[in-house]
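Structures given as structure tokens follow.
Okay, so chain A shows up in both of these, paired with chain B first and chain C after.
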Partner chain A sequence: MVENRTIKTAQLKVGMEIHVELSTRSKMFSRSANVAHPDHYDATPNTLVDPVVLGLPGALPVMNRAAIESSIMVGLALNCSIAEFSRWDRKNYFYPDLPKGYQISQYDLPLCFDGELEFIGANGQPQTVSIIRAHLEEDTGKLSHDISCRHGSMHVNALNQSLIDLNRAGTPLLEIVTHPDLKYADDAVIFCQELRNVCRFLNVTGGIMQRGHMRFEPNVNVIITTDEGKQIATPIVEVKNLNSFKAVKGAIEHEFNRQIKQWQETGLEMGAGMKSTRGWDADRGVTVLQREKEDAHDYRYFPDPDLPPVVVTEEWKQSIATCIPELPQQRRRRYVDEYNLTDADALTLTTDFDVSNYFESCIDMLQQRTTSDMTAAHMGKTVAKLLLNAGARRANEHHRELHDLGVTPEQIAQLIEMREANTIGSSAADELFDLLCEHDADATTLAESCGLLQVTDSAQLDSWIAQALEAEPEAAANYAGGKDNALGRIIGTIMKLSNGKADAKSASDQIRRQLRDN
Partner chain B sequence: MSLIDLSAAELVAQLRRGDVSSVDVTQAFLNRIAAVDKTINAFLRVDADRALAAATKIDERRARGDSLGLLAGLPVAVKDVLCIVDEPTTCASRMLERFAPPYDATVVAKLRSADAVFIGRTNMDEFAMGSSGENSAFGPTRNPWDTERITGGSSSGSAAAVAARMAPAAIGSDTGGSIRQPAGLCGITGLKPTYGRVSRYGLVAFASSLDQVGPMARSAEDAALLLEAIAGHDPLDSTSLDRPAEKYSETVSRPLEKLRLGVAKEHFGEGLDGEVAAAVREAIRVYESLGATVEEISLPHSRYAVATYYIIAPCEASSNLARYDGAHYGHRTDEKAMLAELDTERKALVAVGKKEAADDLDSPLVRMYRQSRSEAFGSEVKRRIMLGTYALSAGYYDAYYLKALKVRRLIRQDYDEAFAKVDLIIGPVTATPAYKIGEKADDPLAMYLDDVYTVSANLAGCCGIAFPCGQSTGNLPIGIQLQGSPLDEDKLLRAANMYQQTTKLHSSTPPV
Partner chain C sequence: MTDRFTKDDIQHIARLARLQLDDEQIEQYRLQLGAVLEHVQMLSQLDLDGVEPLSHPIELNNRLNDDSPQASLQLDDVLRNAPQLEGQFLAVPRILGESEDA
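Let's look at the complex of A and B:
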């Protein structure tokens, strides 16, 4: 009998494993400089090494306290419990990027466990992903197989050898593992972005995706409900080593479709030891099988006898907790509460660490400079409006982030002050924003030299009004006869005549007085 | 009296006074090595020029009136398991035959700053795995008391070098008895310090939770001098104890008053040679005559010690030795030949239609690992790697490794209870005097059982010292062992010195 494999519904189920390279000064277990620290991003291959990194005979690991503190900080930010006692285990396997033949990791006693991260899902609703654990380990080195491309001058012999770069070996790596709480690829991406954001707010990683500072490994399967109402889970697939959000989305979506198709063809369901590993082929947009279940490694974990356990006292934990800065979620709430921003605007201003910091700096600058009686709430709201309108438009046009437009927080503050003092009109302000993207000069000076300052001088204004009323007699008559909307045409003409420098409000008042008030 | 017959302490004193030069002393020992080491094979490498150059420099500095280190000008032999910068450090293995580390072990650096002269690198069981000295890839070391016999191991060369007067003192390492057992069999004094007392940084790891570096010398007084130079906290070794080194050389001559010795009934059971038992009992009487009280104690879990040790040590070794994979340093198989062979195998399988078997052949990388390791490791090393790999495998871990850790804790508790009652535990170090080379070659289990009196101290993290307490009818040394509570090295040395000052048994010299 042929099984009925008609699908009524199919629900995606995704858990994430996220590797975060910590940007500490030295490596996890040695004094060698860390390639994930900004000072060493582009170090020459195999220069960030010492006997410990090279796994030389007799070399011994010594733990990096800063890496442990960074990890605890992430753990606390993710509402994790911090283990009072955790330890180091050896994960044994052979590979040329692993000079010791084992990786020092944490197996059954991770440093952080049982946490959660809340984020705003693709549907605009808050949702929560549970964190199973976050443990520390050391990164491996890197192999380059494509020798001719990366090392053009290097001699390549007939054996088709690979080259090893151990600069990354021993970099502190925090591995965060979630429950399979995610149901949509888009949400998985937002979750990953939020996690990156949290880590960047905490300043524990550079978070540069292209440099592999964060690597994502989704565990994907699909819960299928058949026409007959039977629920079936497809075998879990782990997609390895994704280092862009695009890849995370692409790989999960592809797996969703592939697993449904595979089930329809084979009827294969999830079972013990069925997990397989796949890689992401970005060019073809497909996942590719890397390891079948039967090849599963036996890593022969055991406690590393070279390292004492990590004991975290309440005191130590508290002192780390006090170093945690305001996190994106808290910032978001504050923007809504204090600045009266909408949820959506608050989200936009907090989903990127640099943008958020830029926004904060602009407000700070305005607070420092201003002599007006603007309230803090008003300042926040005004800066947000400027950045989300004029700023966001330029950012879109230039394919840049807000903070990267070349406008300094000081210039932003000056611009807002000018608007508040009504010395510049709205369209001139917009024009000035463009100029600020290109110039380092003081905003006031720039506005002045470019003739963007508003003209409130009544003689000049009177002359433009007179010219406009003469040019638009019909509109003038209509306005005088009570048609308010006729005023727009007149003001428009005045703005044209003045090259936008006329103060529209003063002009309107003057016209009203002239045509109606007598 | 020739220079080579003087004790390390006496040589250091004479050097300090300017009675002799370091060049003279070094040359005397180099001459002795040239004369007898062809027979003994205690040294893997001796660089006479380098040693003499170092000695010359120290003499010059002394002549200038510079302040010099504790061992200034004293030749010291170093087991080939400790890294010395830019010098081969082979662990008596083909695997590291051409390996020269780019750094000094902490112990080596300490000896350097104590102004010792490195006279040569001593032979050993490969990667310190063995209790006879026969497992060296470069030939066994022969016992100076009878060159047909083993020296014990794994610090075979260090023990023989000191016994045969080729060096006044040597450095050894002890994972399950590798200092004490050859010291006992060669009639010298060897001390295994408390785990963490001496840095392991730069000591090529065998079993990390058990390994300790320690002194091997002709007397407790000499061992004290050496230990003082190498002990102390090292920030590069996370298992190093954060306690300053003690002035062992100054306190060693002070006798212990009201010394309480414990005799474990388990140490006098089946397998102990009659002559050894008698010599040990005689030594106990000597201590009693010196005012010590003797109390019977029990170490009930000591009968599990060998089994426990041979789980834990191979497990750690299997992981520690994984780094010797041919990829980064050390021996790598001839790749061209290997690839050709792989290709031939594939073609042969395809030719007879066994395509699946051809697909299942090793990848070149796996074959490189397999072949490099097969070629360069000796059989005992392979045996222990396999034992450890097996015991750590999924499904066996709990039954073997985890269980062994639990028993280890019980063994430690036995010691804690014993040391609540007595200062030191006295007993045999080996069951018999040295046996003939090759006698146990086909019986690894019998060889493992040789470690019965020594492994417990490593498992418990205690310190222990072995020294001669008599001779067999065949004129072979018989050793005795004292074990002490963690960080009681001072007591061990003082107790051994009391005995040696009374009996002078440690000054017998071998016929070689």
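Let's look at the complex of A and C:
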């Protein structure tokens, strides 16, 4: 009997495993410098290696306090419970990137568990992903199979080798595992971005994707409802080692379509032994079945006898909790409450750590400099407006991030002061913003030398007004006759004549006096 | 008694340890490992009801290092025991189609 495989609805179901390289100074279990710390990003291969990393006889691991505290901090930020007692286990497998023959990890007693992270989904609504656990382990060495960058292409095949750099071996690695709560690829990406953001706010990782500081592994399947109302779950696929958000989105979307098609063709459903592992081929935009490491699931975990357990007292936990800075969510709320920003604007200014800090620096700078009586709320709102209008426009045109446009917070503060003092008009301010992106000069000097300062000088204004009234006799008559909206046309002409330098408000006042008050 | 392990078991364990064994060695280890397991099996005679599993015999927790790096090994020393090198890298037979694990 041929089964009816007609699909009524298909719902994506995604859980994430996220690996975060912690940027401690030294390694997880030994004292060599950590390649994930900014001081050592570009260390020469195999120069951050010690006897523990090499697995030399007699070498003993010792836990790094900072790695444990960073992990607890992430756990607390994700609303996790922190285990009072956790321990280390050996995950045994032979592979050239792991000289010891086992990876030290946490198996049944992870450091952090049962948390959640709230974020604003693609539909603008808040949603929550549950965190199952976050456990600490050590990263492995780095294997390169593609050696064409170091050798002439003629050599690649001749060499027939894989090359090992052990600098990364022993870097503290926090593995965060979520429930399969995500239903859309876009939401999965936003969740991953938010998680990265939280980790960067906590300053526990460089978070540089290109350097592999964060690696994402979505577990994907599809819940299909057939025409007959039957619910079917497709076999779960784990996509390994994605190191860009684009790859996360692409891999999940591809799996969604592929699994539906696969079910239509084969009828395969989720079940024991059905889970498979795939890799992402970015060039072709497809996932590819990976040959699994032989006996990949026979890791023979057992407690590591070399390492004593970790006991986290309430006191220790509290002292770590006090080091947690303002997190993106809290910052967002503050922007809405204190600066009166819309939810959407507050979100834009907090979804990237660098952008958010830049925004904060601009406000700080304005507060330090200003002699006017601007309130804190007004300052926040004004800086936000400038960055989200002129800044966003420029960022968009130049494909850059807001914080990376070349305008210093001091220049932003100067520009805003000029606007507040009405020494520059709004369109000239836009122009000045662009100039500031390209020049180091202070805003007033630059505006002056480029002739952008607002003209309030009455003789000059009078002359423009006279010309404008002459050019627009009809509008002048209408305005004189009581039609307020005719003024816009006259002011527009004045702005054109003055190249945007005329002070629109002074001009309006002047015209009202001339045409109406006598 | 001597059948605690099958030939397949031994082959599986040997593969995990990346050991290549001939038939004679497989039989030898099958018997030896069986004897070891049998010896350890004596523990199952103990009444362990209500006894918490113990992973470490010494009551010692939180032996922590401060996060300050110390000198790494000299590159020459790191590479000294490697059977094959390629520049500053350790070289192994080409591995393809398998992912890095973490």
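Methods note: the second predicted complex is superposed on the first by the 502 of 518 C-alpha atoms of A that agree within 3 Å, B and C clash if a C-alpha of one lies under 4 Å from a C-alpha of the other, contacts with A are read in each partner's own complex, and residues count from 1 in each chain.
Simple rule for what comes next: a residue touches a chain if its C-beta (ideal position, glycine included) is under 8 Å from a C-beta of that chain, and two chains touch if they have at least 3 such contacts.
Given the structure is predicted, the values throughout are model-derived calculations rather than measurements.
S.K.: Just to be sure I read the superposition right, which of the two partners does A:63 touch: chain B = first, chain C = second, or both, or neither?
M.R.: A:63: touches chain B and chain C.
S.K.: Which partner does A:164 reach: the first (chain B), the second (chain C), both, or neither?
M.R.: The answer is both, since A:164 touches chain B and chain C.
S.K.: Once the structures are superposed on A, label A:435 by its partner contacts, choosing first (chain B), second (chain C), both or neither.
M.R.: Neither: A:435 stays clear of chain B and chain C.
S.K.: Pick one for A:44: touches chain B only (first), chain C only (second), both, or neither.
M.R.: Touch partner of A:44: chain C, not chain B.
S.K.: Touch check for A:471: first (chain B), second (chain C), both, or neither?
M.R.: neither
S.K.: Which partner does A:177 contact after superposing on A: first (chain B), second (chain C), both, neither?
M.R.: Neither partner.
S.K.: Looking only at chain A, is it chain B or chain C that touches more of its residues?
M.R.: Greater contact footprint in residues on chain A: C.
S.K.: Applying the document's definition of touch, where does A:90 land relative to chain B and chain C: first, second, both, or neither?
M.R.: Touch status of A:90: first partner only.
S.K.: Would you sort A:305 into first (chain B), second (chain C), both or neither based on which partner it touches?
M.R.: both
S.K.: Which partner chains sit in contact with A:143 here, chain B, chain C, both or neither? Use first/second/both/neither.
M.R.: second
S.K.: Residues of chain A that sit at the chain B interface in one complex and at the chain C interface in the other, please.
M.R.: 51, 54, 62-63, 92, 94, 96, 159, 164, 298, 300, 305, 307-308
S.K.: Quick check on the complex: what are the chain C residues that touch chain A?
M.R.: The touching residues are 12, 15-18, 55-56, 58, 60-70, 72-73, 75, 78-79, 84, 86-102.
S.K.: Which residues of chain A touch chain C once you look at their complex with the stated criterion?
M.R.: 19, 24-26, 31-34, 44-51, 54, 62-68, 87, 92-98, 103, 137, 139-140, 142-145, 147, 150, 159-166, 173, 175, 215, 240-241, 277, 279, 290-295, 298, 300, 303, 305, 307-311
S.K.: Which chain B residues qualify as touching chain A in the complex?
M.R.: Touch list, chain B to chain A: 82-83, 89, 91, 96, 99, 101-103, 105, 200-205, 207-209, 235-239, 315-316, 318-319, 321-323, 325, 327-329, 335-336, 339, 365, 369, 389, 392-394, 397, 401.
S.K.: Touching residues of chain A toward chain B in the complex: what are they?
M.R.: Interface residues on chain A, with respect to chain B: 51, 54-63, 90, 92, 94, 96, 99-102, 159, 164, 298, 300-302, 305-308.
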